[in-house]
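Heads up, the next two complexes both have chain A, just with different partners, chain B and then chain C.
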Partner chain A sequence: MGSLPFSIIFIRHHNNSIIFMTTLPTPVANGRSPRRWFRGSLLPYIMIAPPLLLMTLLIFLPALQSIIRTLIVDADGQTGFSFSRYIAFFNDKISVSNLIFTFQIVLLTLATIFLVCFPLSLYLRFAKGRIAGAVQILVLFPLFVPGIILCYALIRFLGTRGTLETILSIVGITGYRTPYLKPEAIVIGLVWESIPFTVLVLTAGLGQISDSLIECARDVGAGNWTIFRRIILPLIIRPLLIAFSLNFLGIFGAYTVPYLLGPAAPQMMGVYMQQTFGQYRRPDDAETQAVITFLICSMVGLLYVRTVAKQRIQQEESE
Partner chain B sequence: MRYLRLLLVSLALLLVTATAVAQDAPKEIFVYTDSDTNISDWWTNTLIPAFEAEHPEYKVVLTIVRGVGGGNDDIANRALAALETGDDPQVDYFETMNVDEAQEWVDKELFLEITEENVPNIANVIEATNRLPGEIPYRGSQVLLAYNSEFVAEDEVPTTYEELMQWIQDHPGQFVYNRPDKGGSGAAMVTRAIFEVTGKDPSLFVPGEADAALIDQFPKAWELLSSVHEDMYEQGAYPAGNTPVLELFANGSVNMITAWSDQALQAMNKGLLPEGAKLAQLQDLPFTGGYSYSAIPSNSTNQEGALALANFVLSPAIQESIVNEIGGFPAVAWSELPEELQTQFTDVITDTVPTWPGGDYGAAMVEGWYNNVATNIDPAS
Partner chain C sequence: MSTLNPPLTSGFWERSRHSFVSMMKRDGFGLLALVVLGLVILGPLYSVVLWAFAERWKYPSLVPTQFGFSFWSETFSRADIVAALPFSIVLALTVTLLSAIICLPASYAFARMRFRGRQLLLLSFLATNAFPRFGLYVSIAVIFFRLNLIGTVPGVILIQLVNTLLLMIWIPTAAFQGVDRSLEEAALDVGASQLRVFIQITLPMVMPALSAAVLLTFVNTFYEAQGALIIGLPRVVTMPVLMYSLINSQLVTQYGAIVSFVLWLPSLLLLLVAQRLLRGGYLTAGFGV
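What follows is the complex of A and B.
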C-alpha cells in the first residue's frame, strides 16, 4: 500500500453505483515529532474526511430519514410509531410477488455468473499465450458497452426472428421460443453485464496463489482435482464472497435490463419502485419499498465489509 | 477646405447608403425549439427556406435548446423577466409551448392572443386541437393501427374496437401493444378500452380532479383487455416502449400493432417496415392523439414577422409537407389539403382526435393495467 497507512478504493459497479472500500489507518508507533504526528495521525483522517462526509450526508442521513418516515404514520390526525406501511407491503400480493421475483432472479443470475466466470478465471490464471490474451479482451469487452445498447442488441439477437433464431433455423433447429420479455432475458442480460467485474475479482484472487505453491503440491503427487479442492478453493473463498456480495447489490437494484428485457409483471424491485413513485404517484409506498430493498442490500453489504475487514486483520497479523 | 467638403459629402453619402442597406436587410425572427431532431431538421431544411423565399423581408434565426436546461420553458421565463423590465426578450416565436404551464405566464399575459385578424389561417385549424387563445396548433400525431396487408386481408382490418378485440382473439400471438406508461401507442390501446366501457365519450375525461364514478368503471376495461391477454404476442408479453413494438412489427414477429402516426410513417418512408405495411384508424372512435402548439410572446420585438410565420406554417403547402416529410398530422382539416393526399390517407383520416387527461386518471389507468391485465395475480384475492 506504499507509504500511506490506509486505503480508499472506489469501484464503479454497474448501475453506476459507487462502492467505497475504506480501511482504517493502522496505528502508528509512538516517538513523535509534531510533523510526524501530523502525518501519522491527523493527515489520514483529513484525507478520509471528504468521502466519509459524502457518505454521511448523501447516503446514511437520507436513508435514516427515510426509515424514520416509513415508521411514523399519520392516523386519525395523530402521528405515531407504526409498522402499518410494512404490513401493507407484505399483505399486498403484487409487491410480495415482485420481491420474491427479485430474489429468484438475483439467485439464478448469481449461480449462472459463477458457472460462467469461475472456469473463465481459472483459464485466464493458468493459460498463457495469444488465445488467452484474446479471451481476456473479450471478457472485458462488456465493461465498455452501455446497458441500454446491450438491451437493444439482445432484443435483436434473442427476439423472435432475431439473429439466434435465424442461425438455429439454418442448422435445422426449429421451435425456438424467445426469452425476450420473459425472466430468462433478464438473467441473460445481467450475466453478460457482470462477467468483466466478476472475472477481474476472481483472477485477482487467483493471482495471489503462487505458482510455487501449486508446484510443491504437484511434486508430492497431488492431482489437478486435489490441487483445486485443497489449495485453490480455500484460498479463493474470500474473492468469491466479494464477487458474490458486490454482484448481489448490483443485481438486486438493477433497472435498465429488467425494464427493457423483462416481463411487464412480475417486476424486479428497481423497476417496481420507479413505477410506484413515478407512475402510480405513491411516493410513500415507493419509500417503503426502497427501505425494504435497502435493508436487504445492507445485510449483504455487511457480509462484504466483514470479508474485507477480516482479510486486513489477517494480513496485519501475518506481517 | 476643399478636402473637408469632399470628406463631408462622401460621409453623408456613406450614411445614406448605409441606412438604405439597413432598411433592405431582412428583419430577424428569433425562433426557439426544443423538439426532436426530425422536427428541427425539417425547420432548417424545409420550412425556413420556403418562408424566406416568400417573405424576403424576414430572416429566421432558429435556436435549438433541446436538452438544454428546461428547453423552451427557460426561454419563456426569460421572456417573462424581460416583460417585467421592458427589455427585448430576444425571442419572437416558440416552436412548441404549453402556454398555460405556469400560472404566472397566464396572469401576466405572456403570450399573444391569436385571432383570425392577426393570423388568418388560424380559421382553418380543426376543432379537435382544442386550442387556447395563445396557442397555434400546427402539427399533430395520432395513434393508429399498423398492419401487414400481406397477412391481413383488407376486409379483415378492424374498424371498431370490438372488431379489433375479435381479430386479436382470432389471431393469437399476432398483435402487440406496449405497457401504457412506456409509450403513447400502448397507452392509447388501454385508454381506448376505458373509453369503450364508459360510453365512448372522451369528453367525460377532463384534466383536473378525477371523477371517482368514472374510475369505478375501469375494472370493466381490465376485463376487456384481460380477455385478449393470452392472445397477445408470446401469450401476453408487453414491450417497454413504442420503438420495441414497431421493431416486432418490422421483423414480422407480429402482424398488427398500435403505433404513433409519425413514427409509423417515418419508418415506412425509410423502408424499415414490411412492404405490405398499411395504416388504419378505428371508425367508431379513433385512438387518442395530440397536437404541438406554437406561441408568440406578447413582448416580441418582431411581432409582425412572427405572425407572418404563424400564418405561413398553417398554409396548405406547409401542412402538406408536415404529412409528407415528418409524418405528422395536419392541424387544419384534411379537406384543405390536396385530394391526392386525402386519398392516400383515407383509412386514417379523422377530424376526431380524442385526448386523455393523464393526471389522476393516468395513475389509476397505469396501476390498474399492471395489477389486473399484465399479471395473473388478483390483488384483492
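What follows is the complex of A and C.
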C-alpha cells in the first residue's frame, strides 16, 4: 500500500444503511481481495474512530479553541490578535495571588507526598510479614474513598470539636487549632488522596529490582546509601517522574478538596475558575484562566506522556 | 529463677509484651507507619460512619452520646436526595455502557491488529490525563455554553465519558495483548469459526480484566463530581454534586454523614474485588502506567 492507510471516510445514511466511501485506489490492483483489504487496512481505523473522535472533540478541540479565542480580542468593532486578556489577568491582584497560592500548594503538597510515600514504598518493597501487610492495606485504602466523601470526613475529623480534637483532649493535649478552612487542610486532603497512587507506582518500580541484584552489590561491599543511589534510584527514575507529573497535574487541576476544605481567599485556580464561570458568569475570563493553567502544566503534561510512552515502547519491544 | 519458670498468671502478658518488643525492634518503622496511618486514614472515616448512626454526639465523647436511625428516614424523605440517587445510578450505568460500546472494539483493534500509527494513537489517549482537569472542564464548558449543553443530561454524559476513555481502552488493550495466541490458533485448526473462537476462547481469558475495567469505570463515574458540577448545574444534579450543598449548608450533620455512607457502598464493592485487580496490575494500568 503506497498511499495513506485511509484518507477520508464518508459515512452516509442512505435507505437506512451506512455506506463507506473512500478515496483510496481500488485495492484489487494490489493483488488483494477487497474483503481482506477492508479487514487489514480499514477495519482497525473504523474500530478506533469513535473514542478518538470523542477525545478530539472534547479535549483537543476545546483546548485549542480556548487558546485561539483568548488571543483574538474584539476591540472597538475590530477583531485582532492581542495579549490584552492575559495582560488583564496578570494586572489583577486577585488573579495573581490565586495563581501564586496554587503554586505554593502544589509545591508543598508534592514535597509532603514524596516525604510520606517514598519511605512507605521502600518499606513495602523490602519488608515482609503481617505488619507490612496491614500497612499496605491502609496505604491503598484511600483509593476506595471518593474525594467528596473524604472532604466531608476530614471536616468531621479535623474540624473544631472533631474526632482529632476529642482524641487529643482524652490524651490530655489542649489548645488544638483546626486547619479546616486554612491552606493546611488543602495539603492534608490532597496528600491523603495521592498516597495510594504514588505508592502503587513507586512500589511497582521498586518491584523490578531483584533481591539478588541488591545482594550482589552487598557482597561486593556496597553500603545502603550506595545501593540506594547507584541501583535503586536509576531504576525507579521513571516511576518517580510519572508520580511527580500526574500528582502535579492532579493538584493543579484540583477543585473539590480546595473548595470544600480551603480558605475563601486566596483560592486555588480550580475554585477560582468555577467561581468566575459559574457564579460571576464570565466565561471569557474563566477561559483565560483555564488557558493559563494549560500553559503552566503543558511541560509537565508532556513529561508525563513522554515518560509513559517510553516505558510502553520498551515493554512492547521486550515482549 | 523467674525467667526460667515464669508464673502462669503473667505468662500471656509476658509473652505478648515480649513479642511486641521484639516486633518493635524488628519492624519499628512498620509499626510507626501502622499507628500513624491508622489514625490519619481510618480516623476520618470513623467519624463519618459513627455520625451516620448518631442521634446526638456531644463533645468530648469519643462515641456518639446516643445512637439511632431517626435521621435516616429524615434524610431519605428529602426530595433532592430521593431524586438524585436513582438518577446518579442510571447515569453512571449509561456512561459505563456507552464507554464499553465505543472503547472495547477500539482496544481490540489496538491489541490485535497491525495498522499504521497504532502506537501513537494508543498513546494519544494519555492526553486525557495530561491536562489540569478543571481547566479542561472550563474549556469544554465554554463550548457547551454556546451549544446550549449546560444543564443537560447529554452534556454531563459527554464530559463523564471523556473521563472513562483511558481506563476503558488501556486496561482491555493490555488484556487482549496478554491472550495466548496458540490456543486460538489450535481452535481455528480444528475448524472452529472465528466468532466461536472469540466467544469461547478469547473472551473468557480477558473477562477478568474487562470486568475490572467496567467496574472501575462505573465507580469512577458514579463519584465524578467536578465535571457534573460545572456542566450539570443548575438542572442536572447528581448525588456527589448534591454533597457539595449538603456540606456547605451543614444544617444537620447527619444528612451529610448518611449520604456519604450510602454513597460509599459501591466503593466497598470495589474494595472486595481489589485484591484481584491488584494482582493483575490493572490498577496502575488505569493510571496510564
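We take it that the second predicted complex is superposed on the first by the 253 of 319 C-alpha atoms of A that agree within 3 Å, B and C clash if a C-alpha of one lies under 4 Å from a C-alpha of the other, contacts with A are read in each partner's own complex, and residues count from 1 in each chain.
Simple rule for what comes next: a residue touches a chain if its C-beta (ideal position, glycine included) is under 8 Å from a C-beta of that chain, and two chains touch if they have at least 3 such contacts.
None of the values given here were measured: they were computed from a predicted structure.
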Following the superposition defined at the top, how do chain B and chain C come out on chain A, clash or fit?
clash
Touch check for A:182: first (chain B), second (chain C), both, or neither?
first
A:103 in the overlay: touching chain B, chain C, both, or neither? Say first, second, both or neither.
neither
Chain touching more of chain A, residue-wise (chain B, chain C)
C
In the overlaid three-chain picture, which partner chain does A:155 touch, first (chain B) or second (chain C), both, or neither?
both
Once chain A of both complexes is superposed, is A:118 in touch with chain B (first), chain C (second), both, or neither?
neither
Let me test your reading of the model: by the given contact rule, A:228 touches which partner, first (chain B), second (chain C), both or neither?
neither
Which superposed partner A:93 touches (first chain B, second chain C, both, neither):
first
Looking at A:65, would you say it contacts chain B, chain C, both, or neither? Reply first, second, both or neither.
second
In the overlay, answer first, second, both or neither for which of chain B and chain C A:264 touches.
first
Applying the document's definition of touch, where does A:41 land relative to chain B and chain C: first, second, both, or neither?
second
Per the definitions at the top, what is the overlap between the chain A residues touching chain B and those touching chain C?
155-156, 161-162, 259-260, 278
Touching residues of chain C toward chain A in the complex: what are they?
23, 27, 29-31, 33-34, 37-48, 51, 59-62, 102-103, 105-106, 108-110, 113-119, 121, 123-136, 138-143, 145, 158-159, 161-162, 165, 168-169, 177, 223, 225-226, 229-230, 233, 240, 243-244, 247-248, 253, 256-257, 260, 263-264, 267-268, 270-271, 274, 278, 281, 283-284, 287-289
Can you list the chain B residues touching chain A in their complex?
179, 181, 233-234, 237-241, 244, 247-248, 251-253, 360, 362-363, 366-367, 370-371, 374-375, 377-379, 381
Please give the residue numbers of chain A that touch chain B in the complex, ascending.
92-94, 97, 155-156, 159-162, 177-178, 180-182, 259-260, 263-266, 275, 278-281
Would you mind writing out the residues of chain A in touch with chain C in their complex?
5, 41, 43-45, 47-48, 50-52, 54-55, 58-63, 65-66, 69, 119-120, 123, 127, 129, 131-132, 134-135, 138-158, 161-167, 169-170, 192, 197, 200-201, 204, 239, 242, 246, 249-250, 252-256, 259-260, 269-270, 273-274, 277-278, 283, 286-287, 289-291, 293-294, 296-297, 301-302, 304-305, 308-309, 311-313, 316, 319
